[in-house]
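Next up, some structures in C-alpha cells.
Common to both upcoming complexes is subunit A, partnered first by subunit B, then by subunit C.
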Partner chain A sequence: MTKNDTAKNGRRKNGVSYAKWGYIFIIPFFVVYLCFTLAPQFLTIYNSFFESYRVGLTQVGPNFVGIENYKTLFSPDSSGVILVLKYALNTFVLWILGAVPQFVIALLLAIFFTSYRLNIKGQGFFKTVIYMPNLIMAAAFSMLFYTLFSRVGPIQALLEHWGWIDASFDFFSKQVTVRGMIALMNFLMWFGNTTIVLMAGIMGIDQALFESATIDGANAVQVFFRVTMPLLMPIFVYCLITAMIGGIQMFDVPQVLTNGKGVPNEMTRTLVMYLNGYLTNKNYGMAGAISVFIFVVTGILSGFVYKSLVAQYKDPQRKHRERKGNVL
Partner chain B sequence: MKKLFAILLAALMILSLTACGGKTPASSAAPEGSTAATKGETKAPETTPAPAAQGKVFNIYAWNEEFKGFFEKYYKVPDGVTVNWIINPSDNGVYQQKLDEALLNQANAKDDEKIDMFLAEADYIGKYVDSDYTMDITSFGFKNADTMYEYTIKAASDSKGVCKGVSFQCCPAAVIYRKSIAKDVLGTDVPEEVQAKIDSWEKFDKVAADAKAKGYYMTASFAETFRTFSNNCTMPWVDANGNLQFDPQITAWMDQTENYIKNGYTLTAGVWDAEKTNEMFKTGKTMCFFGPAWYYNFCMNNAMDPQDGCVGDWCIVKGPQAYFWGGTWLLAATGSDNTEMLKSIFETFTTNEEVVTNLVKAENQYPNNTAIAQKFADDPNYGNTAILDGQNDIKIFAELAKDIKWENHTNYDQLLNEGLQNKLQEFYNGSVDKDTAMKNFYQYVKETYPNIKLPQ
Partner chain C sequence: MSRKLDDNTRGRIKLIVLRVIVYLILIFLTVLCLFFFYLMIINATRSNAQLAAGFTLLPKENFFRNLVNAWTDTSINIPRGMLNSLIIALSSAALTTYFSALTAYGIHAYEFRGKRAIFTFIIAIMMIPAQVSALGFVQMMNKLHLTNSYIPLIVPSIAAPVVFFYMKQYMESVLPLDVIDAARVDGSGEFRTFNTIVLPMLKPAIAVQMIFSFVSSWNNYFVPALLLDKAEMKTVPIMIAQLRSADYSKFDMGKVYMFILLAILPVMITYILLSKSIIKGVTSGSVKG
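On to the complex of A and B.
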C-alpha cells in the first residue's frame, strides 16, 4: 500500500503528464470515425437482414427477413452461376491485371530513383509526371478512354487506317479489350502513387547496407532480393494491402467506361457495380448483404496477405540473427 | 490516466450507439412513402390558400437542357424570382432517383428549396402523376384548353382523372428519310411514292434489302425502330399481378432487328450513340430515321451542320406503322409556393399563340395545340426548311396525332425499355448469344425491380 502511494505521489511530483493531450487531440478523429464509419458499418450489417426497397415512390418494407438476402445472393441463377462470385472473380481479375504491372514498374522506378549509383537527374520532374494521372478524377479519365476507344473515336479510326483492325471491330464488345482498358487505366492512375511510397520506404533503408553488400560482391539483383526487398517488406505489404482494398472496391473506372453496363456480358462488372445496381431502387437489404460480403472478403484477403508476406520476411531475419548469435 | 481513457472510450461508444439508435427510427420512418406523402398533402393546403404570397425561388428538375432553352427564350420570369434548374441525366434512372429523393423530402424542405415544377417523360410519368407529390392543376386555377391533345391530358392525369400537369409538345412520330438515297434505292424521292413503298413492315424489309444491295443502311441503330413497335403494344410490360410480359410487338422488334443485324441492314449502335448520329452527315449511308418533331433539334444536329450536314435532303412520311415517341410533361409539384408562376408557364407553352407559333416556326416543334397545328397544316406557304426540303411536316404530324392513344403504359417502362435494349445490344454486336442476353436482361429486371415476377 505504501509502495503504491509513493508511486502515485512520485508521479505527481515528477512533473506534468502531457500524455492526456495526445488523447484529447485524437478525440475528434475517433468521434468522426465512430459516427460516420463504424456506426454506418453496423447499420449496413443490420440492414442486410431486412427486405427494404422502393418501387417508384412507394417504400416496400423494411421487413425482417433473416438471412433471406444472403440466400438470394448466393443462390445460382438459371444457368447455375452464382452471380456474386462471378462479379468477385471479375473484380479480382481486373485488379490483378492492373496491380501486377503497377507493382513491378513502381518497384523498378523506385529503385532507379533511389539508386546512388544512377543518380538520375530531374527526379522532381519525373515524380510529378508519373503522379499526374492520379490527380485526374477516375470518372474523367474513363470518359477520356471511352472517347478515345469508342466506335467513332480516334484510336479506332487510326487502327482501321493502318489496316490492323477492320471496320466491324468494336473495343467494347470484347472481354480482352475492355478488361485491358480498365487494367491499363488503374495501372496508369496508381503506379505513380506506389512509386512514391516505395521510394520513401527505400530511402528509409540505411544506404550503408547497399554499399557494404556491393563491396561484398553482391550484384544488383542480389542486392534487390536479399537487401532491399526484405527491408522494404513492411511498406510493400502496406502498399499491397491498400491497393487490394482499393481493388476490391473498384467502381468508377469500369462504371463510367461501360456506362454501368459491364460489357461484354457483364464480364467487367465489379462487386461494387453490382451493389450499385441494387441501389437504383434503394434496395438496402441486398446492397447491405453485398457490402457485408465485400467486407468479409477484404478482411480475409488482407489477413492472408499480411500473414504470408510478413511471416516470410520475418523468419529469415530471425534465422539470420540466430545464426549470427551462434557464430559469435 | 488509463481509467480516464477507458471512461472516455466508453462515453464515445455510448455516444455513437445513441447516435445510431437515434438514427434508426428516423431513417426507417422517413422513406415510408405514405407518411411523407400525407405530410405533404396536409401541408399543401396551408401554403396554397394565400396566392398573393408567392415564393422568390422557382426550382425546376429536368434531365436535359431542351426545355430550358425554350423557357429562357419564351417565358418572361416575374420580377424578383430566381429560377433554379436542377439537371440530372436520365441514363440508368439517375434523374428519377434524384427527383424521388427531392420529392420525398419535399414536405420538410424550406419553401425556397421545394421543387416547384419538374419534367417527366412518357416512360415514367405515371409514377409521379399517380402520387401525392404532384398537384391538381385546377387548384391554382389552370384549366386545360380544348386545343390540347387528349392523350397529353390523359397521360398527365391520375387514375381518378385529376390532371397534374401539361405537355408543351405533342409527339406523333414518323420516318425521316434522305431524299438522295431514296432516289437511288427506290427511284423516287417524292414523299407519297416513298410512303407507298414502305407502308408495311414487309415492304420496309424488302426496301432494306435493296438499300443494302446498293451499299446503304436502312436504319443506323439497332433500336431505331424500337419505339414504333413498343408504342403499338397491346399489353403493358407488367400485368396487374406483377408478371413481366413480352408483347408480340416487342418480339416482332427483336426478330426484325436480329434479321437486320444479320443482313447488315442496320448498325449495332444505340439510338443516342455518335456512331448513329454521324450517319446524318452528308457522307452518311443511312436512308431512314425514326422520330417525332423534337428529333430534329435533339438528334439531327449533324444533319444541320452548315459544312458537313445535308439540310434540304430530307423528307418525312408516315412509314410502316403509326406511333408516338416520348414527350416532355411539365408537372406541378405539391408544396410549390409559386403557383401563379406555374399557371403562367403552363399557359405560355400551351395556349399563348405567339409562343406556340414560335415553337413551331423557330424551334421546329410540334405543339400541343390543335388549332395552331391545324393552321400550319393548312398553310400552303408553310414548309420546314430548317432541315427538310420545305415539305409541310406539320401536315403529316397533324394527321398522325389524331390517332395517338395513351394506353398500356407502366411506371417501369423507362428502365425496362432501356435495359432490354442495352442487354440485346450485346447480342447484336456479337459479344453474347441471344439466350445469355435475355438471361442478363432478366437478371437486370430482378435487380432493378424485385417486385416484378419473371417468366420462368
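On to the complex of A and C.
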C-alpha cells in the first residue's frame, strides 16, 4: 500500500494527474474481454445448469435442471464407463507420451547448446529446424500424418517393402500406433519451443556458478542437478505448466487424425473432442458441464504442479538468489 | 577423491566422443523434423498413379499439374480459404499488437487506483483456455447473427493477455518514463505520445508479436469450425479437416498433398525469411515466467 502511494506521488511531478489516461488506454481491452470472453464464460457456466439439446429438428429446453448435467457427466454409461474420466485419462496419456520426450530432449539440447566445453557449431541452423514444426498448422500436420500413414500411404508401403509389417497392418486400428502418432506429432511440435526457452533460462544463470562448481570438483551430472536444475526451476515449471495447459486443450491433432472419431474404440478421444462433439450436436447443457469441468481441471493442475515443484527446490534456489542477487 | 587434472588426453578423447554423440542426436532430430515435410513436398510433385506406386524420396514432374488441380478444385475452394484466412489473420495481428501495446502502455506509464489488481487479473486470465468459453461465445454470435462473419474471429484479438504481457515486459526494458515526461513538456498529448513516440520504440516487439498472432490465427481451427459453415467463409484449417472427412478413396492424392502444402506455405515462407527474429521472440517472451 505504502509502496503504491509513494510511486503515485513520485510520478505526479508537475501536479497534474494523468491517471485518467491509464483508464482510457485499457478500456478497449476490457470492453472486448468483457464482451467476447467473460460474458461467454458466464453464459457457458449458466448453460451447464439447463437442459438444452436437439432431437432431430426439435429443440428440447432450455429448462433449468440444477446440477443434473453434472450428474449425467459423472455417471457411468451403459457399459459402466464414466466417459468424461475416460477422455480425461486419454488426454493425459496422449499428453504425457509426448511431454516426457519433449522435456527430456529439450533439457538435453538446452544443455548441449549452452555448453562452452562442447561448443556446438551450427546452432542457428539446428534451432531453426527444430522450432519449425511449432508454427505448422496442427490440422495440416495431422492431415499429413494421416495421408502418410494411411493404408495407401507411403509409410505403409515402405514398411511392407522392408517386411516389417504385412498388408493387413493398419496404423489406425491399433491404440498404440494412433496414440504413438499423436504423441510424436505433439513432441515434434513442441520440443523445439521448449529447448529455446530452457536455453534462454540456462544462459540467464551466472556463468561463475558453473565455474566455481567445477573448480570445487563437481562433475557434469552434479553440476546439472545441484546448480543448473535448481536455478532453472522457475522457468522449467513455467514451461511445464504451459505445456500442461496446452495438453488439456489438445484437439486439432487427434480430431483431424482420427476424423473426430478417436479411433480405435474412442481411446484417442480427448476432453475437448468430447466438448466439440456436444457443441456440434447443439447439446448445450452437457457442453456447458464439460466446459466447466475443463475449466476446473486447468485451474487445479496448474496450481498443484506449480506449488509442488517450487516447494521442492525452494531452498537452494533462494540461497543462490541471495548470493547472486536475483539472477532470474 | 583426487582430481584427475593431469589426465589430459583421456579428457580430450571423452570430449570428442561426447561431441560425436551430440551431433548424431542433433542430426537425428533434424531429419525427424524435416522428414515428414520433405515427403509432403516430394509427394506434391507426384501424380495419383505415381503415388500409388509407393514410397520414394525423389521428386517427379507433376508439381504444377497438382497445383492447378488443387487451386481449381470445386469442392474445396482453397484460394478463397486462403483469402479468408489471410484477411482474418492480418487483421487480428494488427489489432492484437496495437491494442496490447496500448493496454500495456496504460498500465506501464500511468499510476491509477486498482492498477495492480488489474495487472494481476490479466496475468491470472492468461492461463484460461479459449475452449472453456467457446460455448457461450458461439451462442452469443448466433444470437447476434455473427456466424459466417469475420468479426467474431478478428475483434476478440484486441484482448490478448499473452501479447499484453509480452509488451509490458518489453516496455520495462526499453521504455524509460523520462521519455514520456519529455514529450509532455514538449506539449505532446498522451494519445499522440503513444502513437508517435512509444509505438516506434516498440517496433521489434510489435513485429515479433504480429508474426506470432498471424501464425496462431492462420492455424486456428476450434472456434472458426464452430462459427463458419458457409463454403465461401471457410478458413484453411476447416478445409483441411474437410479433406480428412471426405471420401478419401476417390481423391487424387497428389492434389491432397498439394492442399496440405498450400495450407502451411504462407507460414513456412514467413518462417524461412524471418526465422532469426522469430526464434529470438520465443525466448524474450517467456523467460521471466
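The definition used in the following text is that the second predicted complex is superposed on the first by the 272 of 328 C-alpha atoms of A that agree within 3 Å, B and C clash if a C-alpha of one lies under 4 Å from a C-alpha of the other, contacts with A are read in each partner's own complex, and residues count from 1 in each chain.
The definition used in the following text is that contacts are C-beta pairs under 8 Å (C-beta built on N, C-alpha and C of every residue); 3 or more make two chains touch, one makes a residue touch a chain.
Predicted, not measured: the structure shown is a model, and the values here were computed from it.
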Tell me the contact category for A:143 with respect to subunit B and subunit C: first, second, both or neither. second
Considering only the touch criterion stated at the top, classify A:248 as touching first (subunit B), second (subunit C), both, or neither. second
If we overlay the two complexes on their shared chain A, which of subunit B and subunit C does A:39 touch? Say first, second, both or neither. both
By the touch definition at the top of the document, which applies to A:104: first (subunit B), second (subunit C), both, or neither? neither
Figure out whether A:22 sits in contact with subunit B (first) or subunit C (second), or with both, or with neither. second
Mind working out whether A:238 is in touch with subunit B, subunit C, both or neither, as first, second, both or neither? second
Quick one: is A:283 in contact with subunit B, with subunit C, with both, or with neither? Answer first, second, both or neither. first
Have a look at where A:176 lands relative to subunit B and subunit C in the superposition and call it first, second, both or neither. neither
Give the label of whichever partner, subunit B or subunit C, reaches more residues of subunit A. C
Using the superposition on chain A described above, determine whether A:58 touches subunit B (first), subunit C (second), both, or neither. first
Touching subunit B in one complex and subunit C in the other: list those residues of subunit A. 19-20, 23, 30, 38-40, 42-43, 46, 150, 152, 259-260, 280
Residues of subunit A touching subunit C in their complex? 4, 7-8, 11-13, 18-26, 28-30, 32-33, 36-44, 46-47, 105, 108-109, 112, 117-118, 120, 124, 126-133, 135-148, 150, 152, 154-155, 157-158, 161, 188, 191-193, 196-197, 199-201, 204, 217, 234-235, 237-239, 241-242, 245, 248-249, 251-252, 255-257, 259-260, 272, 275-276, 279-280, 284, 287-288, 291-292, 294-295, 298-299, 302, 328
Help me check something: in the complex, which residues belonging to subunit C touch subunit A? 1, 3, 15, 18-19, 22-23, 25-26, 29-30, 32-34, 36-37, 39-40, 43, 51-52, 54-56, 99-100, 102-103, 105-107, 109-113, 115-116, 118, 122, 125, 127-140, 152, 155-156, 158-159, 164, 177, 181, 190-191, 194, 215, 218-219, 221-222, 226, 236-237, 240-241, 243-245, 248, 253, 256-257, 260, 263-264, 267-268, 271, 275-276, 278-279, 282-284, 286-289
Interfacial residue positions of subunit A with respect to subunit B in the complex: 17, 19-20, 23, 27, 30-31, 34-35, 38-40, 42-43, 46, 52-60, 62, 77-79, 83, 150-152, 170, 173-175, 259-261, 263-266, 277-278, 280-283, 286
If you look only at subunit B, which of its residues touch subunit A in the complex? 1, 4-5, 8, 12-13, 15-17, 19-20, 23-24, 28, 31-34, 37, 91-93, 97, 100, 103-104, 127-128, 131, 133, 268-269, 273-275, 278, 411, 415, 422, 426, 429-432, 436, 439-440, 442-444, 447-451, 456
